[in-house]
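Structures incoming, each one as structure tokens.
Below, subunit A partners subunit B and then partners subunit C, in two separate complexes.
Here is the complex of A and B:
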């Protein structure tokens, strides 16, 4: 074996992965980009190399609403998931029989299919027959049942709540594992130094789990950006586009209204956003590695 | 001022009792070392004193004040951990000043105290560095600095040198001892290394399986061990133990060899455990016959392993003896250097 044939062997060995990436990632992405630059009339391609789809998107009165809803969905969802996940993770990190059992049980929402989750919440939150609205009015919290998903001012936030219920457990488990990996001696040293529970969290635990915390934040952001089934099955973007987000609007434009051009233009916008998030993640990762995991 | 008093300390994990009623008094300014094999309860005792563990019963007093129920931060103590337990995201100065920062001490005062401690420990150049950029010995000094800055009544050390290499350990040993002489603060120090205990302590507490075996000054333990365990644990190379019987005022070994007069009166015909330190043998061709089975020169002295009276004994000598493996030599014991222990209980037989 000489060096040259080693190189060919190496290329041969990574060929399947390269082929798969080309076929399933690069190919469709290329298609979407070309589609977004192609004008469609009645589902027929009418000329390539135009920005007409992007112009149509900007002129669409629903698009600003979609952007605002997507911001609530992605930013609100990420912040809520990570904050509640951190609180639950801190609780689960305590050593006891109860938390040991809860650590296993908490994954239940995470293993349910999206559609089951969405349908269950949809019925529980239903304006007339939902158990939640009914309980509230029976307890006298509200005068009558509230239509949680029918109220345009409320629906986006309710969706975020469902999202937290579904995505938070894994965040909590990851952070719980990170918190449990904080050296016990550092915690003890800080107790000797006079730190109370808040000081221990602020000065010892958070700096030690900073790496996991940023990673889990960015990953949650990517998950939530890519999440489609949950909002689509729960509200279908309604009422009157009040819960329309990028993912659902792209689906609606492309596969219900067959506006391929506008749909793919939006996909490109979405892709650019995701690439920025991933880029940020890689940047933080690299920097932490360079600092020996101590950054 | 920092006197410590432990009275009848018991600690159980469930049904398992690990400390069986420990009594100990540490005078102000004293350097006390708790020493014993792994699992003897010495670290548990120290952690109970620190307030990191709760005790099942007994009373801990620091400077005349019962601290059983007090949080660690209210006990006026500082602790140096085995793995240093430095905060990796803070630099040396921040690590050392952390307790003062939590106590809301003014920034200028923190800086002055940290600078002073850094000077004592020769860390002035390192104040801006992170722990990951320091060597093991430097990290150890930062951990001590963190304790010094607080000016506590008592310092606690939990096996602080066990993560260092042999050379650095010897150096840090003298540094800690010098530090103690300089600051004069009470120190309670835990180690499994009897040499550390011997070299550093004013007083040693030898522990085994949750009991205190003996308390005393280093040389007192070395010269008058209370039982076989202390005799074997303190001193390196370890004391030789031989089965002997009292016959006509002589120590008679298993094969009938008479090794010399009894160190203490023992009833005629009673068998006991005879303890002899390796350096207390004298090589004398006219004395009890032995066969050399191993020769190990260390430079300062020569260690012989020899068969004596049916047992194997270790002999060290500073003389340049040229005996080789298989050579016969004669052995006797320096007068007054034999120890007699009860064969069953292992307790010292008193005269």
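Here is the complex of A and C:
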């Protein structure tokens, strides 16, 4: 075959993917952007080309709380997931019977459905009947049961903990695989040069797994941004909006209040925020990405 | 005069006369074709009873292909919105009465007056007028309620009440505070109330506020009224009960919804709880526990600007016809089926007795009189629905109720006073209403 027919074949082969991306990514995104610039009155579209939804968003006293909570959720959740995942991954990378078994068992939280996870944690953390607060109380750690999810100062961080419990295992396994792929001779050479465990981690292992670390961080951030069921079922955004995040507030505006314009405006803000964070992260890590990609 | 009529002419003439005479009184043409029904929410017994009734419907309407689906009540707006946008809405929607104004405003459902014709006369004949009115919106009937729930009621542990030295349920707010304090023990609060953002939890509070002359919205002026005295003072009652030390911690009540609160009461972890008319019947109580239900105590001196109501009520199984239905005949046949005494008889004998029946015949049932004698006596005296109004229903109700839920939680958590929390909620809700209504 000549070069021209090769090119056409290539286009033909990628056509299904391009069509799928257009239909399921570009199309809905475009739709959301146009919706965000449309005013809806009584459920009917009344005029395109308005910023009324964005203005309403800026005037909404709940929105700053939502932004703050979302930052804790996405950034705190991602950092916590990746750091604990790295620690657990380092441990699992050690060859032993125990770690062999743990590598399989650790996936249990990952395979549980979101709703089951949320309901189980909700009841374990409940202020009146929760086993965790009751255990603390019986051990004398606290004076009485603690209402973890009913405390507005605590609830977001508790949600992040649940998130880490749920998402961290896969992060740990991916990083474990990357760590186990680090050439043994490099680690051995550094040990012979007198490097201690921290130095081996810092100067040998981390540079080698930088590609995986970057990828898993970006993927985690996207997963966490899209996560809706866990916070919604666990707290419903409460108490008093203390755990209201973008995903739950978009749902509330769109499907409970029928305020589609504002819901779409928030989705656009969410998209821009995510693109900025991911773009910044990829920019900072472009060298390690390239190095990993070439490795 | 002699008239010559042969046998053939006589038979033809009399048959024609019989057909003409009987045609209006005969049964309507049987409905046929596909019929989709979406039901949202319901107690466990109701969820089981509804498909059994569907079998009876199919036996009577053999030509109908019924496609019945049940969904969680909390996702009804999402599901219906998606169905509406994609032209996949069911023919019959069974949702909440509070939904009617928004569904009607958005064109999702159609007035039954326009399509049901003389069937409506039969519905009026068989149904309690006040309950049927719960399906009305702007003078038109949009939904057929199969029962209503009323707010607010209180469940009382009778043994705990007797132990505290009381022989009747509390009748006023000040009595309630005294009862709750007296019935509180170190390991058992005197009273609990749900304070999550669940719609039922908000309806429970609204029942108290409306009885105090409060309203959350004034349809005539389009103004949100959350910070009126009637609502503020009702929320102050919640704050007072907490300040008295008669409740679980505020934190834990914000994570305990109506169902969880009922279960705590049923496990003797609270001596009283505030709920809707069904109280503990869907979930039961510990074996041997003596408990009773009573209307929620009235304010000592109502402070709201509107007439105090006896109760507010809403149906959560209201049958509506989609505006996109392709088979209105079958949809109406299904609704008419549910207006019959057999179906309105509280799930065919299943003791779902805390739903306030919609059918007149259901009120004559011995089971209901045994379980709720006060209700039946009041109904027969014609006073049960005196001063009862529908639960809040208007375009934007969810946004206002959500703002109210946030205010309730802020007060329960001790973050703000009722006036501060409701002032903020009022402003936020008004902004949402203005946006929705243009």
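Quick note on the criterion: the second predicted complex is superposed on the first by the 261 of 295 C-alpha atoms of A that agree within 3 Å, B and C clash if a C-alpha of one lies under 4 Å from a C-alpha of the other, contacts with A are read in each partner's own complex, and residues count from 1 in each chain.
In this section, a residue touches a chain if its C-beta (ideal position, glycine included) is under 8 Å from a C-beta of that chain, and two chains touch if they have at least 3 such contacts.
Remember, it's a predicted structure, so these values are computed and weren't measured experimentally.
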Room on subunit A for both subunit B and subunit C (clash or fit): fit
Centroid geometry (CA): angle subunit B/subunit A/subunit C, rounded to a multiple of 10 degrees: 150
Contacts of A:189 with subunit B and subunit C, given as first, second, both or neither: first
Touching partner for A:34 - first (subunit B), second (subunit C), both, neither: neither
Partner chain in contact with A:62 - subunit B first, subunit C second, else both or neither: second
Partner chain in contact with A:137 - subunit B first, subunit C second, else both or neither: neither
A:199 touches, of subunit B and subunit C: first, second, both or neither? first
Broader residue contact with subunit A after superposition on the shared chain, subunit B or subunit C: C
Least Cα gap, in Å, left between subunit B and subunit C after the two complexes are fitted on chain A: 52
Parts of subunit A lying in touch with subunit B, wherever the complex brings them together: 183, 185-186, 188-195, 199, 203-204, 207-208, 210, 292, 294
Contact footprint of subunit A on subunit C as seen in their complex: 77-78, 81, 102, 105-107, 196-198, 248-256, 260, 264, 269, 395-396, 398-399, 402, 405-406, 409-410, 412-413, 415, 424, 427-428, 431-432, 435-438
Subunit A residues touching subunit C - in the complex, by the definition given at the top: 39-44, 46, 52, 56, 59-62, 122, 126-129, 145, 147, 149-152, 235-241, 251-252, 254-259, 261-262
Of all residues in subunit B, those that touch subunit A in their complex: 50-52, 71-73, 77-79, 81-83, 85-89, 98-99, 102-103, 130, 132, 146, 150
